[in-house]
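What follows are several structures.
Presented sequentially are two complexes of chain A, the first with chain B as partner and the second with chain C.
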Partner chain A sequence: MHIAEGFLPPAHAIGWTLAAAPFVVHGARAVVKEVREHPEATLLLGAAGAFTFVLSAIKLPSITGSSSHPTGTGVGAILFRPPVMALLGTVVLLFQALLLAHGGLTTLGANAFSLAIVGPWVGYGAYRLTRALGGDLLPGVFAGMALADLATYLTTSVQLALAFPDAGSGFTGALVKFLGVFAVTQIPLAIGEGLLGVLLFRVLVTNARPDLERLGVLPVRPAEPEEAR
Partner chain B sequence: MTRQRLVTALLALGVVLLFALPLAVDGGRSAYVGSDTQAVTAIQESDPGYRPWFESVFAPASPAVESGLFALQAAVGGGVLGYVLGRLRGRRLAAHDGAARTPDDTP
Partner chain C sequence: MTGLAVDDAAWASAWRTRSPADKLLLCVGLVGCALALPAWPGSVLVGLTAVVLAVGPARVPARTLGRAIRWPLAFIAVGALTAVVQLGGDGIGWAPDAAARGGSLVGHALAGSAAVLLLATTTPLSDLLPALQRLRVPAAVVEVASVVYRLLFVLLESLRTIREAQTARLGYSTWRRSYRSSGALAAAVLTRSWDRAHRLQEGLAGRGMDTGLRVLPEVLPSSRVFRAATVLGLAALVSASQVIA
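Now for the complex of A and B:
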């Protein structure tokens, strides 16, 4: 999903940067507010950022004979709502643009829009929908993680098709072509990311239950020790 | 093995198989080019006249250096994640201990 440096025409690069900027600024405020009001949330915020940091560094082979990387943005979106990931995801992209020549500064806005904004929001929507339909936490996490991953790559395909419409078949033809590159490759990765998310949340449910209750991810359970005494 | 641990093991195995199986079935025929690189190739094919108008401010000197930096990124992320999960577990065990001991400690 990293559009390479210089590979969006200037008008598109500026447009996506302007579109992403308010989300990132809002996300930065959301992170500061969360840390100020709930210092104990810093640990889980670190976990959410770290998860995206690891997963977006690992390129995995897929059934299509090409490789791609997951995004890991679903964890933070589910725990802290999507705005937080607008900042954390953009920080990861900036690191990769500056140190790894992966993505770029001119394409940072477009890449942030797909990985740090659309992905987390779609993942969060899928998570909330699963919960609203009566699904448990873990199925919700699976759906949220997997769809955050897929939605990111679908967004990249749309961005590239808008910038490079096909000479004959226009936007639609180009979209089909870029989806051919990104979408099928990403399906097994999205499933794998969903499973990893379930693994992580199983650990969190055991070890960070008070935090998950405060964040509204788990229902508040009456404290047992009171009765034990 | 408790059911909890069995589920964890199966989930982990599922993730490994999901990525190991395509490799095994493929038998070395595919090059596993990154999808980001394929997208650049697609752009260059459909629009041969397009020239990138900005260069990366810094590019790793060789593929070996690049994969090292990617490994560094994964290591930093994995390290922080492990630290946080360890802290959370330590905090839970400490709270558990404290709750268990309090009744005896109070006179």
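Now for the complex of A and C:
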């Protein structure tokens, strides 16, 4: 759910841009450090960004009968960590604004705050918590991806309610309205994205285990002894 | 053809060879006017200017503009409608200034979206990315963004091909199969992106290019006439908006 260009009043657009800036700058520094130490990381990070963009082209069937596209912020946070996703997510949002007309330029800060910062951090937190409580990879991935999506939707609703408080009931009433209207698409989408994550990681564990080990998602398996082969 | 209609339009636009800085000046100016001027008549004038410039001198197909505006339009309609509904003790009703507030919201958002679309449909992203470096964005970040732009079309092509094959095998015939196919599709695209990145890296390293894909940016000279017309046009927009209001 991207806030369209021109939808937020100027003060809110500036405020959310300032709120997002430290996280995006932190992500940019992390990327610059990574690229300086490992020049080959440029292409892997670029591939991660392109994958996040392309993920939004996958249509998920929705319980409401329509179809929605995943945000990809949860999977990015689990695979590449939230600081990197703050930058990659912002780059992807800029690309979506200029290639698909999703979102906008003055609303880039607000969209980055919800989709590239809050979503990945909440998703990653849920994933780590599930794993710390003894959960397996797949329940962790489901929690991480579903909650990243829900957190994004909640944050966008808060942003809209702050910008357009209800004439009678103020911020609270506006929040109830925006949460209620967008719940129709966003709650099924969050569950759908969690399910997609489970199916995606089931395939990855089988077909791309070395990549998941390299990214620290799975522990490195000790090499099999020679005689066991 | 890249498969993204807005990108295709940008490459085919008559303004493709204009300086990105000139087009940024015009479009950012229009975005600023859309945000700052009152919805009537400011947003209407900004929206009309952006659309007329796009389909006129920039020769962007009207169909592409119309299709591209559908996504923001859905959000704008739902968002504006929600903003002008009032929750009270008697239930749900219209806010006292619903029509004016709704009109203002829709006007600002549509005018702003049209201004951004003018930039998007006349300037390929590969022309805009070097401008980021001039805005002091670190070179490493611009390079990562350039790789995203290069790879996403390859991955979109892979996605379409795999989805076509899955559909032909009835992979999307039921709800359950759709999810299973979507999971396999996402995994295939992700592993292909890694594979592509590894192979690109090996290819570059083999050519001694350890620091990445450095290419000379195309030089598109700035036009003084275009810049002067932009500044005069924006000033006329602001003046006309104040006179009509």
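Basically, the second predicted complex is superposed on the first by the 186 of 229 C-alpha atoms of A that agree within 3 Å, B and C clash if a C-alpha of one lies under 4 Å from a C-alpha of the other, contacts with A are read in each partner's own complex, and residues count from 1 in each chain.
Convention: contacts are C-beta pairs under 8 Å (C-beta built on N, C-alpha and C of every residue); 3 or more make two chains touch, one makes a residue touch a chain.
What you see is a predicted model, and the numbers here were worked out from it, not measured in a lab.
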Check your understanding: Which of the two partners, first being chain B and second being chain C, lies in contact with A:Gly134: first, second, both, or neither?
Key -> neither
Exercise for review: Check whether A:Ile191 is in contact with chain B, with chain C, with both or with neither, and answer first, second, both or neither.
Suggested key: first
**Study point:** Partner chain(s) touched by A:Pro222 [first = chain B, second = chain C, both, neither]
**Key:** neither
**Study point:** chain B versus chain C as contact partner of A:Pro39, first or second or both or neither
**Key:** second
Exercise for review: Figure out whether A:Val31 sits in contact with chain B (first) or chain C (second), or with both, or with neither.
Suggested key: second
Check your understanding: What residues on chain A does chain C touch that chain B touches too?
Key -> 1-7, 10, 43-44, 46-47, 49-51, 53-55, 57-61, 95, 97-102, 104-106, 160, 164, 166-167, 174, 177-178, 181-182, 192, 195-196, 198-199, 202-204, 207-208, 211
Review point. Any idea which chain A residues touch chain C in the complex?
Key: 1-7, 10, 13, 28, 31-32, 35-36, 39-40, 42-51, 53-55, 57-61, 75, 87-88, 91-92, 94-95, 97-102, 104-106, 160, 164, 166-169, 173-174, 176-178, 181-182, 192, 195-196, 198-200, 202-204, 207-208, 211
Study note, to complete from the structure: chain B residues touching chain A in their complex are 4, 7-8, 11-12, 14-15, 18-19, 22-23, 26, 29-36, 38-40, 42-43, 46-47, 50, 52-60, 66, 69-71, 73-74, 76-81, 83-85, 87-89, 91-92, 99, 103
Revision key, fill the gap. Given the complex, residues on chain C that touch chain A span 4, 6-7, 28, 31, 34-36, 43, 68-69, 71-72, 75-76, 78-79, 82-83, 85-88, 95-97, 105, 108-113, 115-117, 119-120, 125, 128, 137-138, 140-141, 143-152, 154-156, 159, 175, 178-180, 182-191, 193-194, 196-198, 200-201, 204-205, 210-212
Review point. Mind pulling up the chain A residues that touch chain B in the complex?
Key: 1-7, 9-10, 43-44, 46-47, 49-68, 95-102, 104-106, 153, 156, 160, 164, 166-167, 174, 177-178, 181-182, 185-186, 188, 191-192, 195-196, 198-199, 202-204, 206-209, 211, 225, 228-229
